[in-house]
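Below: one structure, written as structure tokens.
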Amino acid sequence: GGQVRGTGGTPKPSTSGSAAPTENTGTFVYAPNLGVVTDWDPATAYSNELVAMSNIYEGLTRYDARTQKPEPRLATKWTSSPDGKEWTFTLREGVKFHTGAPMDAAAAKKSIERTIKMKGGPAYIWSAVETIEAPDPTTLKFTLKYPTPLDVAASAGYAAYIYDVDGVDKDGKKDGGTGPYTIEDFQKGKETELTLKAFDGYWGGWKPEQYKKVAFRVTPQLTTAWQLLQRGEVNFVPRLNPQLFAQAGSTTGVQTSERPSFQNLLMLFNTESGPLKTAEVRQALQLAIDYEGLLGALKGAGSKSSGLVPEGLLGHHPGLAPVHDQAKAQELLAQVGYGPDHAELKLKLTYAQGDDDQKLLVTLLTAALKNLNVSLEAKPMAWEAQWDQGKKKGQDIFVMYWYPDYADAYSWFVNVFKSAEKPHFNLSYLKDAEIDKAIDALPALTATDKDMALQSYGKLQRTILQERFAAAVPYVQTYQRALSAQVKGYIDNPAYPNVVFFHDLSI
Amino acid sequence: MSGGELRRTLPRLPARPTDRLAAVGAVLLAVIVLAALLAPWIAPYPDNQPQPLRALLPPGGAHWFGTDQVGRDVLTQLLYGARTSLLIAASVLALSATVGVTLGLVAGYAGGWLRDVIMRITDVFLAFPALLLALALAAVLQPGVTTVIMAIAVTWWPWYARLAMSVAASVATRPYVDAARCLGVPAPVIVVRHVLPNSLTPVLVQLSLDAGGVILVAAALSYLGLGAHEPTAEWGLMVEAGQTLFTTNWWVVTFPGLAIVLTAFACNVLGEGLRNALDPRRTVR
Amino acid sequence: MAGYLARRLGQALLVVAGVITLTFVIMRLVPGDPAVAFAGPKASEAELAAARARFGLDDPIPVQLWNYVRDLVTGDWGTSLHTRRPVVEDLALVFPASLELVGAALVLAVAAGVPIGVLAARFKRRLPDVGVRVGSMLAVSVPVFWLALALQTVFASNLGWFPVAGEYDGELDTTSPLTLWTNITVVDALITGNWPILTSTLHHLVLPALVVAAYPAGVIAQLTRAALIEESGQDHTRLERALGFSESRILTRFALRAALNPVLSLIALVFAYSMVNAFLVEAVFNWPGLGRYAADAIRSLDTPAIAGVTLLVAIVYVLANLAVDLLQGVVDPRARAG
Amino acid sequence: MTILAARDLVLGYGRRPVVHGVTLELTEGGTGLIGESGSGKTTLARAFLGLLKPLGGQVVYAGRDLRQADRRAFRRDVQPVFQGESLDPRMRIGASVAEALPRGARDRVGALLEQVGLDPELAARRPHELSGGQRQRVVIARALAVEPRLLVLDEPTSALDVTVQARILDLLAGLAADRLLITHNLAVVERLCRTSHVLFAGRVVESGETADLLRAPAHPYTKALRDAVPTLGGPPPEPGRSAPAAESGCPFRLRCPLAVPACEELPEPRVLAGRPRPRTVACHRAEDLLGGATAP
Amino acid sequence: MIEVRDLRVRYGGRSVAHVPELDVAAGECVAVVGESGSGKSTTLMALLGLTENAEVTGQVRVCGVDVLRAGPRELRAIRGARAALVMQSPQAALSPTTRLGTLMRRALKLHGVTADPAEAVEAVMLDRAILRRYPHEISGGQAQRFAIALAVALGAEVILADEPTSALDVTVQAEVIGVLGRLRAERGLALLLVSHDLALVSAVADRVLVMRAGEVVESGPCARVLSEPSHPYTRELLEATP
């Protein structure tokens, strides 16, 4: 398959009012910078394929970042018991899998049970589930081991899909989803790696102006992607650099969308060994970061953080923004014998190789710290190597992104700041029983008492950032998308990074 | 190096000025080396001084070559980058020539199975595409200037081994080497006293030709994120960091690119001139 | 000749064996657990252990090497951690595109480099010669990645003469689908007479091939010039002159064939070099070849894939050398004796 | 007295033999080695100097196989003087000569140079600053430094002008050391070597006293060589038959005016008694040649 | 056939060869002898306008063409066809990648001469099979004779032979000299022979030029120069000749 240049690229202004909407014969071309699909199994897929699969498969719910709540998808409504351990979902009627089989509670149960059994990376979203029952075709009942907000978990971008277990095909020839699109052609390694076509029996129906075809054209270089977008050869570029994005904003035929994401950059300080064992040094580091300058250099690719939880998630508190105070930092360092008039402080930092934004942070931080007589040895590393070294406590500052697999702030705390015998992602090596206890209580609170949960999140963040100084949050990433101007209905949903829900679009 | 010594290592330099083009190369290279050495004094701004608010200013009064995406002066970064590039080139050439020439001389003089073994090993390294082996090694050793040097040297020495081997093998059949053997001079002494000095000319020529190549490979490695990294100033890195700005802020990419081209060009032209002057019969590889 | 061939083949095999060992050693040295690369960034310890067992990473090193060699020989080059498909299949898919690009570039390089070299030699030390020398020196001094960006910006983006990226117009897949035989688009389009795809591919090929061709064209021009000038300093050229042949005739009819020999052996070298240069160019022009595959593999520390690419390129190099050795026998009768 | 001898010596490069079973002794009064270009003269000389390992047979030095012999004594006894680049182009003359001297005796350089008729001042120069004749004298001086008993001379003068050549030959004739001389100049052999061996295609085809050899050759090749030398004021030399060396049988038979069917068998070297002194020849028709017979 | 007046060749201002007078008539053989580097080859090359980067002055007429003032076309017309050069080290003077037959056919075609290459080589007692060979597959003597065959086939009236036998075995030398002598007798060929071998010269040449350090020190009929030399250098040469 392929896109038809000219029809897909040239906007056909939809004459408003009386005339019947034009039939959309174009192909929507998405330009990812990496291969699209590596794993076609909806149970185990845990990578870039999310972008395509979210349009082929659907979960019970879909998270809406504006309302901060899961919205109905395959489930039309759901209830939970007061203790948050029993969840009952009512399924949508008349939904068919692409295989032709009907989607009912039994099928849903089968698919979730298969996902759990496959033990793929993302299957943990169901880890609270004890049993699943399907008392009637439209009722799906979960009994949990411990309370958890299952409606949010069920909105996850991975492993939450309801699919026909007989439709799974690891070669991507067919699929067992219920979503608006189904696979037309998949050729690994080709430039246009994947094309999707409309599934005629989609429960949500089809309007003439919607896109019936979608293609993924792999474009590693973002300048290339930008040029293709300008020439109308592609319709959507998930990421541009700030300069090109600014240019896109003033280019006719191109529209842009900008939205803070659920992904923030973390600088985890080694609280257990090395010079950062001293709390004052950690605090000084927090203060030494020129947050505004960094955001200025990012030119809109990031927004100021406030605490660990990005805006749009339960747990976000507006008052936790970090401050830049070079003088205070110097003072704090002086207290413990470092700084311009004292001994030189040498720090080791590791960050992701090939990430421009992290590199920017490193460049600015190195220069800023030099003025404080702190020499920062920053090493870009492949993730595997960086992580390996991190687990062995081989650095003073570990820089990484964090984002939740489903829209729940719990992810930051349980993974990054809960103590563990052997460090996994808690690379600030924080060990604090009190914090652990507060973290463990979070899911139940979220499932039962959202206000209490919000308070608890606030307290935890203050403890971790402002008392223990275990980490710094330089910024929250902002998604900057560029798309053809004639496309209507695009809304960036940060809960599903880089995903375009093509069915929502029209010309 | 005194004049006498120079003549000793570079024999038969024709009296007439070799070649105007080579002279251009020599001058160009001298300017670049000087600029690198004097960077701290001639650079208009201090090394690695980001000013995010002055980012991406076009070339003009305060910044002749503009500023980059974090507001560093591009000219300053270029001057400091010259140090990195030249350091890498010099280290790689020194390392690989030392290893390669030593092995090559031994192989060429000794001949027999020793030569076969050494040559098969160099074959293996030659079959490895330089950039790819360097990539793999950079992945192993962690990116950094030292890594670039090690990685490129590992892929570069076989060329010198080969070259030195073939030259040494032919020198070893010269009557004066035979004469030395007949006088009972021990083999290591023969290699050092007779074979080495007489094999050096083509190696020197190759070294100067290769300097440009090393700079290119180093830039490519940095460009791929496997070489020098922030905050080290390096030309390949500058191109990489700015590559997405080609259409919007051309100066960030164009100047470092030109710097690479000019330096490589200077080395190549100079090397070619030297070769023409010293041994016109050897062909380029 | 047969004995020579056998010896040459034996040497080539030895080199390949060495490359395999070296590849293996390097892959073992890569820090970071390949299992981590497979199991994903948020894998649990149990999942890591499973992945490790799956790749035999717990076996002793010699056993691993032995298994590795055995698998390679039986055509099992491992499974890519990233694409999760057999590496051989991946390579079969992406290699032809690279071959197409590099092949086109080399054809361009030879077609341009040799005549340019002849021109320079004919007008030695005069204006055309100086122009050619400066030009060819510049061509070998330009970083390909930079040249690629520049040409793309100027000729595709600003002037619009050539497509920005890709191998051919995507729509042709539907309007005139291509039957694959060799996986090399140009060749397949020729075989099946698929003109739309052929012309589209050639159009898309121009810029990337030009970029990849810059370096080989430069060295070929330089070498042709040098070899011709060397030839024309030889006694036999004097004889040809004494026989009344004109300079141009001497260059093209006598000297060129002898000069072609070093050019040929050079082609084997630049072939491998261009292959790697293509890696850098493919990313810019979005060429669906080995380079993009390798870049992904390196980024995701996909050990089997990196090893596969390395081996493939090394084997290509060895084969190219072999081919050149044999070709040299055809071009230069003196080489046949050796 | 014999210093060096070859017994059934087979020599070659790689596996390919170019010298096929040569047996000869280097006796006092100078030994000449003459023969066609490419016949293996240099190869043989290199073997005598221990620079080339025999593929078969042995070089005998002081009664023992060279491989078991005392290397240091051998190196002192036998020294080469080659044509061409025998001096390291990068070393000063003095240093080159000194290399041959033991550590304590470096001051003898000047004396050695004087011995070969050179100005000691030349020690400070490099080879390319000397003329060909001077260079060759330096080489001889260096060889003489170890006071050898035998000089192996491979075309020591063929690159030189006839005038210079004459002076070098005078020098050689006056030396105490004995010599093995390789040349294609028959007049030179006649002057400097009492005995001579004629090589053709890697085999010794004739050996004997030089004077006898040239006056009355017993092998057609020796005769062809002698007859083809132009003489001052003499007639132009007569062309002979041109053909490559034969693969089997007598290697010279394709060119030989006297060839008969019997020549398809390789002639063994045999001693011809008398006439006037005994000599060895490998030819079926030696007697006919000496007897003055012509082609059948 | 050859007329030289006051020929001087300079390399970078340095005079390397100076010939005040040299004439070679049809059927005649003139020899040039002298020490190495005395300018013998240079003189020969200058006669056909083949010196590179040299400054050549004087008067040179070869086969009626004023070589020093002729354009490239005129020069190419006499080169090979009328005045042929037989170079020192014959094998090196043949293009290694060209079969002998190909070279000969190309040369014949160039000058529009119809001659049978096979007959031409057989005339110098070479097997016609040699035409299918490459230069490295033949011996030095064969190459030498091939070069002569080439000159003969092209119908050259003048042959300039530069030390044609210095590297050769005396038996092969005899052959080459024999062929040239026959051509002189049969076709009135004019021969200019460079050599350092006085004995050979005395056997072949009518007249002789003795050169030293770029100057002609003595010239005259062969018999006279060699029997009663007037210049000390000639005497020295003669004395040294065994």
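A few remarks follow.
Going in written order, the chains are labelled A, B, C, D and E, and every chain counts its residues from 1.
By our rule, a contact is a pair of C-beta atoms (placed from the backbone, for glycine too) under 8 Å apart; a residue touches a chain by one contact, two chains touch by 3 or more.
Everything quoted here is computed from the prediction, not taken from an experiment.
Chains touching both chain B and chain E: C, D. The chains touching chain B as well as chain C are A.
Comparing the chain pairs A-B and A-C, the larger number of C-beta pairs in contact belongs to A-C.
Farthest from chain D, judged by the mean position of CA atoms in each chain, is A. Remark: chain C and chain E have CA centroids separated by 51 Å (rounded to whole angstrom). Taking each chain's centre as the average of its CA atoms, chain C and chain D sit 54 Å apart. Measuring from the averaged C-alpha position of chain D to that of chain E gives a distance of 32 Å.
Between chain A and chain E, the centres computed from C-alpha atoms are 88 Å apart.
Chain contacts: chain C has residues 30-31, 149, 153, 157, 295, 301 touching two or more partner chains. Of all residues in chain B, those touching 2 or more other chains are 139, 142, 226, 243, 246-247, listed in ascending order. The set of chain E residues touching two or more other chains is empty. By the definition given earlier, chain contacts exist for A-B, A-C, B-C, B-D, C-E, D-E. Residue ranges of chain A in contact with chain B, taken from their complex: 221-223, 226-227, 241, 243-244, 246-247, 290, 293-294, 296-297, 299, 353-354, 356, 359-360, 362-364, 366-367, 370, 378-382, 385. Across the interface of their complex, chain B is touched by residues 46, 49-51, 71-72, 75-76, 78-80, 82-91, 96, 99-100, 139, 142-143, 146 of chain D. Put simply, chain B touches chain A in their complex at residues 48-50, 52-53, 55-56, 69-71, 139, 142-144, 225-226, 229-231, 241, 243-249. Listed in rising order, the residues of chain B touching chain D in the complex are 8, 11, 174-176, 178-185, 193-194, 197-198. If you check the complex, the residues on chain A that touch chain C are 1-5, 29, 34-35, 38-39, 46-47, 119, 121, 124, 188-192, 215, 217-221, 223-224, 227-228, 230-231, 233, 354, 382-389, 405, 415, 422, 424-425.
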